[in-house]
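Same chain, two partners: chain A is paired with chain B first, then with chain C.
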Partner chain A sequence: MAGVNIRSVAKTFGETQVLKGVDLDIRDGEFISLVGPSGCGKSTLLRIIAGLEQQSDGNILLDGTVVDRMRPRDRDLAMVFQSYALYPHLTVAENIAVPLLMRRLNTTERSLVGGLLPSGRAKREEIAEEVAKVCDALSISMLKDRKPAALSGGQRQRVALARAMVRKPSAFLMDEPLSNLDAKMRVQARGEIAALHRQLGSTFIYVTHDQAEAMTMSDRIAVMMGGEILQVDTPDQIYQMPQDLRVAEFIGSPKINVLQAAMSENGALSLTSIDTASNPVHAAFRPEAARLAGEVEAPLGGTIHHIENLGADLFVQVTTVNGDLVIVRCDPAGIRPAIGDKVGIRLDETRLHVFGSDNRRIAGAFRLEGGR
Partner chain B sequence: MTARSFATSAFRHAALLSIATFALLPFAVMVSTSIKPANEIFSDTVRWWPQKPAIIENYSEAFSAAPLLLYLVNGVVVTAAIFFLQVLVALPAAYALAKLRFFGRHVAFGFVLFCLLIPYQAIAVPLFILLYYVGLLDSYSALVLPFIISVFGIFLMRQFFMGVPDDLVDAARMDGMSELSIVWRVMLPAAVPALTAFGVFSVVAHWNDYFWPLVAVSSDSYFTPPLGIMAFRNAEAGNDFGPLMAAATIIVAPLLALFLLAQRRFIEGIAFTGIK
Partner chain C sequence: MSLSASQSRAGLALIAPASVLALLFLIAPLSSIFVLAFTDYQLGDRSLRFVGLGNFRALAGDSTFWKSLSNTLIYSAVVVPGSMLLGLVSALLIDAGTSLRSFYRTAFFLPVMASLLAMAVVWEFMLHPSFGIVNATMKALGFAPHNWLKDGGIALYVLAIIGIWQSFGFNMVLFMAGLSAIPRDLYDAAEMDGTPNAWARFKLITWPLLAPVTIFVAVTSVIRSFQVFDTVHALTQGGPNKATEVLLYTIYAEGFEFFRSGHAAAITIVFIMLVVGVSLLRFVSLKKNGASA
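On to the complex of A and B.
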């Protein structure tokens, strides 16, 4: 069990700065996701925590101790790779046993003749038992004698997980472990990993570019972009109170609606008359914070140009008078709009987010100037 | 099969067959001569199978006239030692060049490529002088030492290791392997197809090598098979071609067997899946 503290870690590869001084405190036993678009530095950060990569600046603390100069094997962390990285020439059971063999047996016991030493044999039996236990826990016992080439993607992913679990490490590092699975398997594996975390109670650091994975599994999410952490918060907070426009845009599907707006001194927002004189800002609202209304009284209006029917939800895409695209969630049980209809859009002002030109959130209550 | 595709296919096979025949003809003559009695070898009619086969005579003569068995054992010892030591050097070197990031890596690889261009005959004399000073001439060491660093092996394995996913190496590091353990426990099993290929090149080259053994050893207890044949011809049997060809056949046979065994391995390879 260990908390992980990241202190202004920076990483440069030649001229490019991949991490620009990242700070993050991960609590013991927490499931934290590092999420962001590809190239945002999340995998590099994970590799630095693992010790596979050396940071250019800053410190990594495991359980309060600085581990910057420690080799990966001494950090007591386990990692699950995107490609699973199973040893192709070893069976499933042998794959899972490797971390234990490497740590518990000394060099002579590991050698070919070492198998005959009584001390080595006792340890090997002990290891085989633990491997069997882990295989049972992940229900892969029937695969123990197979080679990785004979396994499906989902099975390989479990074996990789088992290899990480068997050592009972203080923290798990996962680098997009689900991205090689098909959509259906991914949803199932999502639930399994979350359940595993609850059961083990270890620290999980999970890297993904998929905001749905981050939202569904994590205690907290760290949204990264351009080598920086933009926001660290619970999934609810990240979704409902994004502190940065880029966070708001990255999290949530369909994407949040972002419109240019003009803010006057008294906090009134206009979405339609954006004159250059007043303070230009971004107004953002999620599809469920808007509803269709009569054309006249709404602060925003336009023409429906597409409707996505997902069964439980109806996402109506409206092209506004200014040419922006706005997505509105509708209840399929209500009145069904039709493509080509001219509609107005009403917004829930309490769920309206306003971001300044620096992308940061502007706190406060806002009032929309109605009518056009 | 249409007439046209049959014709092309027949032509293709005819072409391949004629080339194969051309390549195999000397071997056929060798084997044929090895079973002929002396008076039939230079007869003016070409016969593949002699009227009076002298198989037992020629082959027993080959083994008794010269210590052929000793030469064969020498050949096995020398080629095995060379290959083993080559792998011992080439694998860690190739791993470092392919997977580790260190200062001067590109320069080091440049040197490897550069050394590929040097024929070893060119440095035979300095090597000879070196071994003379160390006092190792005329020994197994003299036959083995100059070849243990195989730049070709390093190059070949490095190219193969470049294709091994980095994740596998990182996973091994997380699992607690040292860099050397990674070489022997992860890279070596992964590299079996490439190693087989390299093994065939290495064994064939050093089993058949005539030049360096001729330079390095003088007492016939260290003779390798090709040297043995010549010693056989000059000293013991004069120009007795029957036993000579029998000896040649015996010397070629192990290579042929080895190649046929390795060929299956070559083609099968080991499927390097399970990574993705």
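On to the complex of A and C.
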């Protein structure tokens, strides 16, 4: 069990700055996701925590101890790789046994003659038992004698998980472990990993570019972009109170609607007369915070350009008079709009987010001006 | 699936050039060697006579042949492990290093590309008993100088060292190709799994995953070492007192110095059998690997 503290960690590769002084406190037993687009530095940060990469600046603390100079072996962390990194020439059982063999057996016991030493043999039997236990827990016992090449993607992922679990590390690091699975398997594996976290109670640090994985599994999410952490919060807060326009845009599917807006002194927003704006801002609202209305009385209007029917939801894409694309969620049970219809869009003003030109959230209540 | 007549005609036409060339330059010479091995043909003779296994019987009682065969095997036994080990170690070092990689690669590969005959002349100078740099160094370090190429006890091993120098670069390049095919992730995983040192990582990942390359390198090294000729011809001519007589040199001497073509052909058959035997070993081991993977 260990909390992880990241203190202004920076990393440069030659000229490029991959991490620009990241601070993050991960609580003991927490499931935290590092989420962001590719190249945002999330994997680099994970590798620095693991000790596979050395930071250019800053400190990593495990359980309150600075581990900057410590090798991965001594940090008591386990990692699941995107490629799973299973040893292709070893069977499933042998793969899972490696972390135990490497730590418990000395050089002689690991060598060819080691099997003859009584001490080595006793340890090997003990290890085989623990491997069997982990295999049972993940229901991969029937795969024990297979080589990784003979496994499906989902099975490999479980074996990689088993290899990480077998040592009972203080924290798990996961580098996009589900990205090689098909969509169906991914949803199933998401549930399994979350359940595993609840069962083990260990710290999980989970790197992903998939906001759905981050939202569904995490206690907290750290959204990273351009080598910085933009916001660390619970999934609810990240979704409902994004502190940065880039966070708002990254989290949520379909994407949040972002429109240019003009804000007057008294906090009134105009989505239409933006050319003369003294104070240009971004107004953002999620598809479910908007609804279709009659053409005249709405603050925003346009033509329906496309309708995505997902069964439970209808996502109506409206091209506004300004040429922006706005997505509105509709209830499929209601009146079905048709492509080409001219519609108005009404917004729930309490769920309207306003971001300044520096992408930061502008707090306060806003009122939309209707006039068109 | 059956082919139409025009398709099979086209197929035959396409393989015809290669077949003709193979027949002309590979199968025909090979079969004539097989025929010659059972005759008493001498280079330049107008007639020949079949002697059955006579040439082989003569070989069995020929001390030069046995000396030559055992020298070839000794040479091989030194050069193959030497050039493989040196090739693997240099490949690992270059792979682990970050700077000057292409320089080292080129430098170590140079002897493979250079004409061995020309290089042999350089070695001859270096090994010269009175003004060679090797003896000069030995003297400077306080060791007794040697007549490297004229001492029957060490001449073969000197040639073997030149052989290692010449061929390890080739093995190195093959090993480097093998190393680059090993996913980096595996080493990261091994690091996380707690491998205590580089040797443990080598044993866990590098060595087993290089196995197919190693088998290939071993077989090609053995075959190449059987084919040693240039250095022997340039430096020792099989001497002193047949101490460096090797199969290919014996074939050459029998065939083109003593003109006993039948005899030379018989030794060639033995040589071919050796090479084919080694190749079969590789074939078998590849099949075994293929079945278990």
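In this section, the second predicted complex is superposed on the first by the 369 of 372 C-alpha atoms of A that agree within 3 Å, B and C clash if a C-alpha of one lies under 4 Å from a C-alpha of the other, contacts with A are read in each partner's own complex, and residues count from 1 in each chain.
Quick note on the criterion: contacts are C-beta pairs under 8 Å (C-beta built on N, C-alpha and C of every residue); 3 or more make two chains touch, one makes a residue touch a chain.
Every value quoted in this text rests on a predicted model; they were computed, and no experiment measured them.
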item	value
Superposed partners chain B and chain C on chain A - clash or fit	clash
Contacts of A:180 with chain B and chain C, given as first, second, both or neither	first
Partner chain(s) touched by A:37 [first = chain B, second = chain C, both, neither]	neither
First (chain B), second (chain C), both or neither touched by A:3	neither
First, second, both or neither for A:89, with chain B first and chain C second	both
Which superposed partner A:149 touches (first chain B, second chain C, both, neither)	both
First, second, both or neither for A:77, with chain B first and chain C second	both
Which superposed partner A:226 touches (first chain B, second chain C, both, neither)	neither
Contacts of A:356 with chain B and chain C, given as first, second, both or neither	neither
Where chain A meets both chain C and chain B, residue numbers	47, 50, 52, 71-73, 77-79, 81-83, 85-89, 98-99, 102-103, 147, 149, 163
Chain A-facing residues of chain C, complex	183, 185-186, 188-196, 200, 204-205, 208-209, 211, 293
Touching residues (chain side chain A, partner chain B) in the complex	47, 50, 52, 71-73, 77-79, 81-89, 98-99, 102-103, 147-149, 151, 156, 163, 180
Contact set on chain A toward chain C in their complex	47, 50-52, 71-73, 77-79, 81-83, 85-89, 98-99, 102-103, 107, 110, 147, 149, 163, 167
Chain A-touching residues of chain B, taken from the complex the two chains share	165, 167-168, 170-177, 181, 186, 189-190, 270-276
